[in-house]
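Shared between the two complexes below is chain A, which has chain B as its partner in the first and chain C in the second.
What follows is the complex of A and B.
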């Protein structure tokens, strides 16, 4: 828009005369250049200001609060207290193993499912690929709710079991354990791995697979030596995204109601809302942010190396 | 691997299509193909798009399953075998090199897949690369090579496994004209060096087929229309389609007389004694065998178009409502469009075809 406006002004003798006082035409190029340069910074300013106001400033407040103990002043005391607490260390461990486990599960399951959708023709394959796009828009708690209906204490699976056996309760009690959270996270986040993989597979020249096959390669070798190397950038992208999202996941952990499963976001919630310990909540939040940003930086480095 | 010949033991395997029919969702794309490629022979499948030639090749490779008929490689019925058990080399139009592998790894791929002893692989890779003149590019990635070089690597990769049968699917169509000409000569040389390898060469380019093939199978609308040596098909085509597709011949509707044929109101001498008197037929004359000026079998008509083609001129002349093509040596003075001109051809240069023969 600014470029068009500048060009119009530059071609307008009256505008040239007003801007420079010199003869029309001779002054046109400098005017155009000057007008093009000025708006670049001006246009960048509003989004930066908005970003700073709605995101960076609150973030700065969180960081500031993390250095402000209830006793007053500014110190590292909140960090010392939080890092020394067993609850934090357990939450950190739980968060990391759940995130890493869920990411690994999503990568394996997502890769296998994407392979099937992309390379094994079956009726409705295109509909499945489209459904994955829709699935990405679902809220995470919806999946957890669905799992509760199936595997919950009074869910379908246990209902069938108690009806058939007459037992008092069913055997499916894992949903309120860390394994339930892991299952829910893998279920919910797998499509986030599949989406970039399907895009990568659609770019893969199927003639490569046919030639590999004609050269004597069995399907497993083709997957390992031809498809997988081509899919690495997409796997890295999807895996990094899922890892970061798992680290910050709150809804799934809350909805499974898993006892004893406290992740960093849950710890922030309990410190801030239940215990009103804002400095501690802010310390945990800062740690969570640091891990996320660190992982994002790592992803950028890795993706640049593999050419994603 | 079950298909490829053991090291040092050349095996000669041909290809046989035995009534092969391929259909997709009831739509027949290859109809009852009966064709034999002799061991060590280069057979070109020539035809326009949609003629079924690539489908025939894919049936040999194992990428399509015939709904009827059998495919044989040598004595083996491979109809039900998966592609990796067929022991074939394959080169496709867009090379299909593995982009994340260096040239040497691309060439070694088939050897590793076929569990060739590790100690033999470097030698076999070097041998295949030397054969295609790519030995100095072993460490490069495909993206660092030109189109022609990539095609050479693709050929080296296919040859490295020492296949009994080599399938080439329009291998030169992605190259420019000059490179194509050079690669044609390279392929001819490779075949001289590997006389035991049977080659099925799919192309829509008649020059490639005429240059390289021992025999050409002409295909159209999912069916085999004609098959013979390039010289036979060019000089003595059996069908109108072959005459038209191979060499773009003039096809003139005529009525057979006694020792001659009647084209419009013009009587033309032809050297055939097989035609039935009074029957309608098609007279096939190659454009380069048609001369400008008076002579035997003269045809008078109006010049409709002239194209300069370097060493020749192509003339399009309307004769009795039919457009006749003539390729004549470059003219010093070209006639003007609309001028009356006379064309002629020798009786022995014309072939009389039964009208409407499609080569069933």
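What follows is the complex of A and C.
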């Protein structure tokens, strides 16, 4: 049972998702399965029915509503209307570039930080890993709230600037732009990359590093030729998870309070709650579901394929 | 050990903390610092006060705290029951069936939570089940959202379970239900409590779906924080945020104590 070594990550979404599909055949069919065939399948029925009632049925209604314009009947009218609007196109563009940018940032930052925690150990490294766990259990919007105090119009950075230079206002005014959202997303989602990376690094045989190093390889070369290939599955899994989460992030954008930054989830919210335009909200929701379920499916396939 | 020279190690650590502290530790510290301040226009907050905590633990905010606690507790328990049941049932299925259950029960993670909120709103604002305007619509949405995480952690734990125990029990003549109750569930208890803690923390911080659904008399903490900061009372918002973080941490700590005690058995 070599799998026993990876118990450390039982409690978190990323690791749970990663390890779910990774061990086919671990639960051997109990003796006498054939005799109890029908009852075993029947046991799965109640939770599936509950899920269908509270989740699948509502989703189906959203899809149905997206084909039902306010004028009545069933038509593609809501889709053509929404796709023609600039608000939707801009939201789609903003969502995608923010998600891709934040994912790239998280991967770079997460890889560097995990590298140090795993391979240049220092006293307190365990505490850092614990801190990351705690960090993951806080909601995302707290980061935006904190950034308001750090880079806000009267926050820390601008306060220092005006104190030092005597200027009337500071230069940090990016919080209500997409860059503020990007910074908050990178901050919040980097730990989601670090978790699977640290798990992967802990399984790496350090003798390989010692051998490479004793043969004269410089640290940069060891990272490139030994560690990076080992880390690729974890990077792929963590990166695609973060990509999906960034696409769906709502709290950070809402707290930024920027009129100029509209992402797809934000558009769903404003169409449904602020404008009460349910068909349009449902159309945006269907597009959002298609993108994120598609990517999530890809993430599951990738993480299963590489066995991360 | 990747870097062998002493100087190189110190340089690496310096770079590490120069990245780590501002990016991860600073935001949390800043919120705590701001919750005690009346003013922040320089490098450091000024005007020490505990007054914001007075506002954060009375009236609307206190009600929001109890609302959040009740919602998170109910949603976690419901999600854990359904999720663990589904995971246990899925583990007994053949490979195809297990894949199907896996895909089905992780779907709520893949669907954006705002959309889950919208879907629940659309579905339960009309007969046959009319929940809009009640607290149950919020609890229902939270349950759906955290159920996937409960399912994932429990099914990951089942995969790691040594099948020898249940096979031994079964070979001694124990019926499947007895094996489940006396062997599987006790062995899974640590993961179940861990999953419960995770569900609770997620539900405490849930904002997206809640924003779509909350009735005026059932305002959870994240919505309350948004309402306060949106009004411009950033410092009170920070104090309420500290209350939220503290409560979440306390519950997680309590849950991890249960876990260590259970794993001694």
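Convention: the second predicted complex is superposed on the first by the 264 of 308 C-alpha atoms of A that agree within 3 Å, B and C clash if a C-alpha of one lies under 4 Å from a C-alpha of the other, contacts with A are read in each partner's own complex, and residues count from 1 in each chain.
Here is the rule we use: contacts are C-beta pairs under 8 Å (C-beta built on N, C-alpha and C of every residue); 3 or more make two chains touch, one makes a residue touch a chain.
It should be emphasised that the depicted structure is a prediction, and the values quoted were computed from it without experimental measurement.
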In the superposed arrangement, which partner chain does A:225 touch: chain B (first), chain C (second), both, or neither?
-> first
First (chain B), second (chain C), both or neither: which does A:233 touch?
-> neither
After superposition on the shared chain, which partner residues are touched by A:101: those of chain B (first), chain C (second), both, or neither?
-> neither
Counting touched residues of chain A, say whether chain B or chain C comes out ahead.
-> C
Please work out whether A:213 is in contact with chain B alone, chain C alone, both, or neither, and reply first, second, both or neither.
-> both
Contacts on chain A seen with chain B and repeated with chain C across the two complexes | 210, 213
Under the touch definition given earlier, write down the residues of chain B that touch chain A in their complex.
-> 1, 3-4, 61-63, 82-90, 92-94, 96-100, 109-110, 113-114, 154, 157-158, 161, 167
Note: in the complex, chain A contacts chain C through residues 1, 3-4, 6-7, 10-13, 15-17, 19-24, 26-31, 36, 40-41, 43-44, 46-48, 50-51, 54-55, 57-59, 61-62, 65, 109, 112-113, 115-117, 119-122, 128, 131-132, 134-135, 137-143, 145-150, 152, 154-156, 159-160, 162-163, 186-187, 190-191, 206, 209-210, 213, 219, 222-223, 244, 247-248, 250-251, 254-255, 257, 264-265, 268-269, 272-273, 278, 281-282, 285, 288-289, 292-293, 295-297, 300
In the complex with chain B, residue positions of chain A that touch it | 205, 207-208, 210-218, 221, 225-226, 229-230
Could you pull out which chain C residues touch chain A in their complex?
-> 1-4, 8-9, 12-13, 15-16, 19-20, 23-28, 30-31, 33-34, 40-45, 82-83, 85-86, 88-95, 97, 99, 101-116, 118-124, 140, 143-144, 147, 149, 152-153, 155-163, 166-167, 170-171, 176, 190-191, 194-195, 197-198, 201-202, 204-208, 211-212, 222, 225-226, 229-230, 234, 237-238, 241, 244-245, 248-249, 252
